[in-house]
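In the two assemblies presented below, chain A is common to both, partnered first by chain B and then by chain C.
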Partner chain A sequence: MFKHLFKLIWNKRKQNFLFLSEILVSFLVIFAVFSFLTFYYQNYSKPLGFEYKKVWSINYDNGLLTKNNDSLQLFYDNLYKSLKAMPQIEEVTYTGANYPYSNSTMSTGVNHQGKKFDRVNNYVVGADYKKVWNVSVIEGRWFLPEDVVTKNKHIIINETLKKQMFGKETAIGKLIGNYDDKEKMKVVGVVQDIKANGDFWPAGNAMFSRLDTGYLKNTSDILIKVRDGADATFESELYKFMANTMRNAVEIRHMDEMRDAKNEVTIMPMVIFIIIASFLIINVALGLFGVLWYNINKRKGEIGLRRAIGASGSAVSYQLVMEAMILATMSLIVGSFFAIQFPLLNVFNIPASVYIIAMLLSVLFIYLLVFACSLYPGKQASGIHPAVALHEE
Partner chain B sequence: MIQLQSIEKVYRTDTVETLAINGVNLSIAKGEFLSIMGPSGCGKSTLLNIIGLLDEPSKGNIKIDDQDLSRFSDQQLAKFRNQKLGFIFQSYHLINDLRVLDNVELPLLYRNSSAKERKMLATAALEKVGLSNRLKHFPTQLSGGQRQRVAIARAIVGNPQIILADEPTGNLDSAMGNEIMDILINLNKNEGTTIVMVTHDESMAHRTHRLVRLFDGSQVQ
Partner chain C sequence: MLKNYFKIAIAVLKRRKFFTFISLFGISFTLTILMVATAFMDKVISPDYPDYKRERSLYVATMEFKNTKEGWLNRSDVSYYFFDHYVSTLKTVEKMAISTNAKASNAYVNNKKIVIKYKYTNADYWNVLEYKFLEGKPFGQQEINNAEKVAVISEETKTAYFGDAKTVVGKYISADNVNYRVIGVVGNVSETLYNFAGDMYLPYTVSKDNYKRPELMGGYNAVLLAKNKADVPKMQKEFNQMMKRVPIPKEFDRVYSSADSFFAGMTRRIAGDGTNNGLTVVVSILSVFVLLFLLLPTINLVNINITRILERSSEIGVRKAFGASSKTLVYQFMVENLILTFLGGCIGLLFSILAIYLINDANLISNMRLSMNFMVLFYSLVACICFGLISGVYPAWRMSKLNIVKALKAQ
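On to the complex of A and B.
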């Protein structure tokens, strides 16, 4: 019976072209939706790697500060002590501008044994950065004061970069080349990945280096971890204190709000995309339903004949549902051929598993859709009275 | 072979009631070739559909091969039709998207026969109707007479005991019609197939064993 139906469909491939292309387009759209969703879900299910609650950032304009390195060091040391002395503040650290959720990125490349690793997030951090974020060190150690004066610059890398560079081997004590492989840097620690771009994006490769005196004149961000009692009153006191100290503009932001904003940038377009795709799918479903319905009315004579020569009502409806499923399969084969190119060509540098899962989900979705759309027309067909059906033609 | 007892068939629509068959009693013997005649709309097709188990009588009883079919389920009726009955229609009812051979194989798809067996039986049936050189054609590439011969091959492929033919020559000229008639007569003679045929053509009817005339749903001869 299967071969028979396939023959029938094959001989009618021209009439079925619309049906086939509708399914193909829906498959590709659904594949895109599921690829995004799978990608986001995979990232979402990974640990965040740090604690953002009660962390505030203070951004300031450093334009009016002294340009002399030694006096600047002194100024920053004093500021650190003053902030740390405030009862509402638990931890304080200076940081480069690209701290988590900041919308600012700074990346570099590193080299190891002739292999170049690009797009490595380059986090320049103060000594207490780990305490502010509660980042976990999974191998080696966090920065110590003596890391500032060493022959080879000491760095800490994240888990992702460690796995790529060293696999299962230890990273500690290894020397790796900087972006042009001219200078060697020594790995002293590996930290858990931190999802700095929100819950839905991967941590990517990351490297941490110590914020040293030379970098101070570029510094314009302080991160603080506040205690429970830190309220709006404290925030305005802090604001006044900072504005006075810097004699310039200051902005205080809360990480939980910045995180929400960052996640929204991912969620909103996705929601819009899903809504558009849903409309498309509803249209396609109605289209499929209509085509099947129309076909059944056009094929009344055939249905009557099949009943006469031995098909029961349920055999007729089974046939029509099967035909739709075979058509879906034909489209899905073509669609999968396109879809499989994404993992094969490593498009967008997204893990192959994302595409494979999305493909499987899309195939399942299309089968369910076609099945649902053919069920009712099939049932109607089984109800067609054979004598009446044979009469009309 | 076939017993009809006080068969009545009423078609009801919202506004009208049509009494299509009115108290028909008919007994058809095994191996008989019976023809049914009557003016258009007198209930010939309705009667044939009732015999063919495609339609249920409103009243009365029908027995085929001594089996009471009134309590058969849809599935059982389908199986019964498949094994005992063959149908031939005025408008052939071939599936135009299937080749001749596939059309003829159709009834065998609804029983458990292998692809090889299906092909063999269908080829043999087409040989009987003189179409062994048209297996790969599509129905639209054939003449009316050839199409009806394909339909006959399809009706006989499953080796049924009874063939029901509703105006099988109605769309054909007399030469082609006679060819079809010859095939049916041979089938009846050589294989002993019971045939019930509706026709408009007196000369065709006279070539059969017995003629039944219907008028307004009742048997008049």
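On to the complex of A and C.
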């Protein structure tokens, strides 16, 4: 049976070649779409790891503040107290510029037992960062005031980095090297992953270190968590207060708006991509359908003969659908050869599971597409009456 | 002859309506996407409000320090000092528009928050760039020298801040807790022009940063305007000469900054660095992308065309039997295919006008107004012809190779 089908396909190789290449290219397009969707979905289904609602960020220009570390410390201590004293504000913390949704990244490398881990997000955070974001500590503890004066700098790492570095062992109390492995840092806690780049991106490796006096002159962001009563009136008061304190440019932003903006950057191109891809696929589906339909009309004689010898209608349509499926399989084998290179070569550092799921989905999709396109022509072929078909010749 | 081909083409199109629909659907949709993409590229690349003098302008936006031994790299916007102290000495530069990148600030009106993006500019900024003043006028050298707190605002800001007030010149707008007197209102600028889009324009002398600081990096960028188009290469050369005289900062051994044409400046930002403007990278990536996108509809069209030719084998057989050469047949088929493509192109044009209307209406990118102009139409025509030729060549070749005896016998 299959041998016979292959012979039929081989006899029309020139025509089938185009059919094959069309399915092949469609497979690659679909593979790209599903890879993106799987990647985004996998990340989306992971917990966010923090609470963004009612968190505001205050960004200010620190150019006019004193450069003296001690007076700067005093200034920031006073500012913290004044902000904390406002009834609408629940929590306040200073932070480096790369807080969640901020479009700013700061990364570093860390070393552990001779192995280097690159692109570790380096969050420099104030003491109340955990309270503002409501980050949960999985192991160990959050920063304590005494962490400022220690021999080895105390740091907190996130779950992903912990798994990569220590696997199942505990990370607490371990010493790890900084980017050039010259200084050692001591891990005092492990926190849950926080998806700082929006719902659709992985948290990546991250480490948190205490914002100390030396870092204050680089600081230009404050995060606050407000209570329910905080409205635009309060915001404008807060704004005036900050502008007067800094005597410079100030901007207040709401985390929920920043999150929407961040997610939009991912969603918009994806929507455009899906629209274009689905038009391409409709196009291909119509094309396949048309070509198959036409071919069957051309083969009326052959089909009529089969019917006359005694093949049933369903056997004929089975044959035609199977022919299309075999063609699809041939394309898919070639396509999968290309697609499998992505997980093998670890392209873009994305987990292999994304590519494999995307591949399976695309194979399934192409089979369904070809099946759907050949079903009607096949059905039509089964309706061919032998007498009529043979009479035409 | 052409008239005959046209008649035949129309007759063939009418014969199998379903195939005609598939072909036209594929062509028109492909061309729609190409046209919208072209309209977008056109918006970004060709001269647009308020930057009409791109042919005689060069853009300076980045400063890069390198330490080749340690592999350090520092990249930032340029300082005012650099423009004032070095670039202003260039003889080929007629005028120079200096401005900061837009920075966001908040204003609160009637318990509503408005985000105002403000830019500090020099006086020549208003001479180089042709902003449309709806009322009032720009600030000049005198206001700059006196560091007057005056502001030119965009129409959008006017509506957001003052409501339906008819004239706002002379009124005060408060941003960053400073009251600025409005002296002019300009039309909105599309956000795609990141160098020029802003809600409020202020004299650089009122900036709180110390713009006189003798450093190379800062928050500014500039447009250098040459006297005429021919002077632009000279200006670029003079700029590069000047860069050799710029002292290299401590701890580094190279300093780069370049005056680029608008497009090169953009590609440098996306894919380039101090020494390479990234033009080739961006152009090749774009071309590969367009080719890949075209591949699928083309294969599909070729597939359908071949099917349709086989249907016409008797016609071809007869024509060949009467002495028509392969060349004539190829020519005929190409013309037919081009006619089909043009039909698809016309439908595509209607679709793209609709798509552009929808995109503009939704205001996807703030203040961006796409439009169909002659440039876009021209490129779309080129795309149409390319698409028609590519998808016609292989089927036409197959058709001309058809064996007469077989073709006539088939029916």
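One rule holds for everything that comes next: the second predicted complex is superposed on the first by the 391 of 393 C-alpha atoms of A that agree within 3 Å, B and C clash if a C-alpha of one lies under 4 Å from a C-alpha of the other, contacts with A are read in each partner's own complex, and residues count from 1 in each chain.
Rule of thumb we're sticking to: contacts are C-beta pairs under 8 Å (C-beta built on N, C-alpha and C of every residue); 3 or more make two chains touch, one makes a residue touch a chain.
The model shown is predicted, which means the values in this text are computed figures rather than measured ones.
Trainee: Please tell me, clash or fit, for chain B and chain C sharing chain A in the overlay.
Mentor: Here chain B and chain C can both sit on chain A without a clash.
Trainee: Is A:248 touching the first partner chain B, the second partner chain C, both, or neither of them?
Mentor: second
Trainee: So in the superposed three-chain picture, is A:21 touching just chain B, just chain C, both, or none of them (first/second/both/neither)?
Mentor: second
Trainee: Let me test your reading of the model: by the given contact rule, A:309 touches which partner, first (chain B), second (chain C), both or neither?
Mentor: Once the two structures are laid over each other on A, A:309 reaches chain B alone.
Trainee: Figure out whether A:63 sits in contact with chain B (first) or chain C (second), or with both, or with neither.
Mentor: Only chain C is touched by A:63; chain B is not.
Trainee: Using the superposition described at the top, determine whether chain B or chain C touches more residues of chain A.
Mentor: Partner touching more chain A residues in the overlay: C.
Trainee: Does the superposition put A:12 against chain B (first), chain C (second), both, or neither?
Mentor: So A:12 only meets chain B here.
Trainee: May I ask you to decide whether A:346 touches chain B, chain C, both, or neither, giving the answer as first, second, both or neither?
Mentor: Neither partner.
Trainee: With the two structures laid over each other on chain A, which partner does A:391 touch: chain B (first), chain C (second), both, or neither?
Mentor: The first partner, chain B, only.
Trainee: Determine how wide the angle is at the CA centre of chain A between the CA centres of chain C and chain B, giving a multiple of 10 degrees.
Mentor: Approximately 90 degrees at the chain A centre.
Trainee: For A:236, is the partner it touches chain B (first), chain C (second), both, or none of the two (neither)?
Mentor: A:236: touches chain C, not chain B.
Trainee: Smallest separation in Å between any Cα of chain B and any Cα of chain C in the superposed model?
Mentor: 11
Trainee: Do chain B and chain C touch any of the same residues on chain A, and if so, which?
Mentor: none
Trainee: Given the complex with chain A, which residues does chain B contribute to the contact?
Mentor: Residue positions touching the partner: 45-46, 49, 52, 54-55, 74-75, 77-79, 81-83, 85, 87, 89, 91, 93, 95, 97-99, 102, 105-107, 109-111, 115, 154, 158.
Trainee: Along chain C, where are the residues that touch chain A in the complex?
Mentor: It comes out as residues 18-19, 21-22, 25-26, 29-30, 33, 103-106, 108, 111-113, 115, 176-177, 208-210, 293, 295-297, 299-304, 306-307, 310-311, 364.
Trainee: Which residues of chain A touch chain B in the complex?
Mentor: Going by the criterion above, the answer is residues 1, 3-4, 7-8, 11-12, 301-302, 304-315, 385-387, 390-391, 393.
Trainee: Of all residues in chain A, which touch chain C in the complex?
Mentor: Where chain A meets chain C, its residues are 15, 18-19, 21-22, 25-26, 29, 61, 63-64, 231-233, 235-236, 239-240, 243-244, 247-252, 268, 276, 279-280, 282-284, 286-287, 290-291, 294-295, 298.
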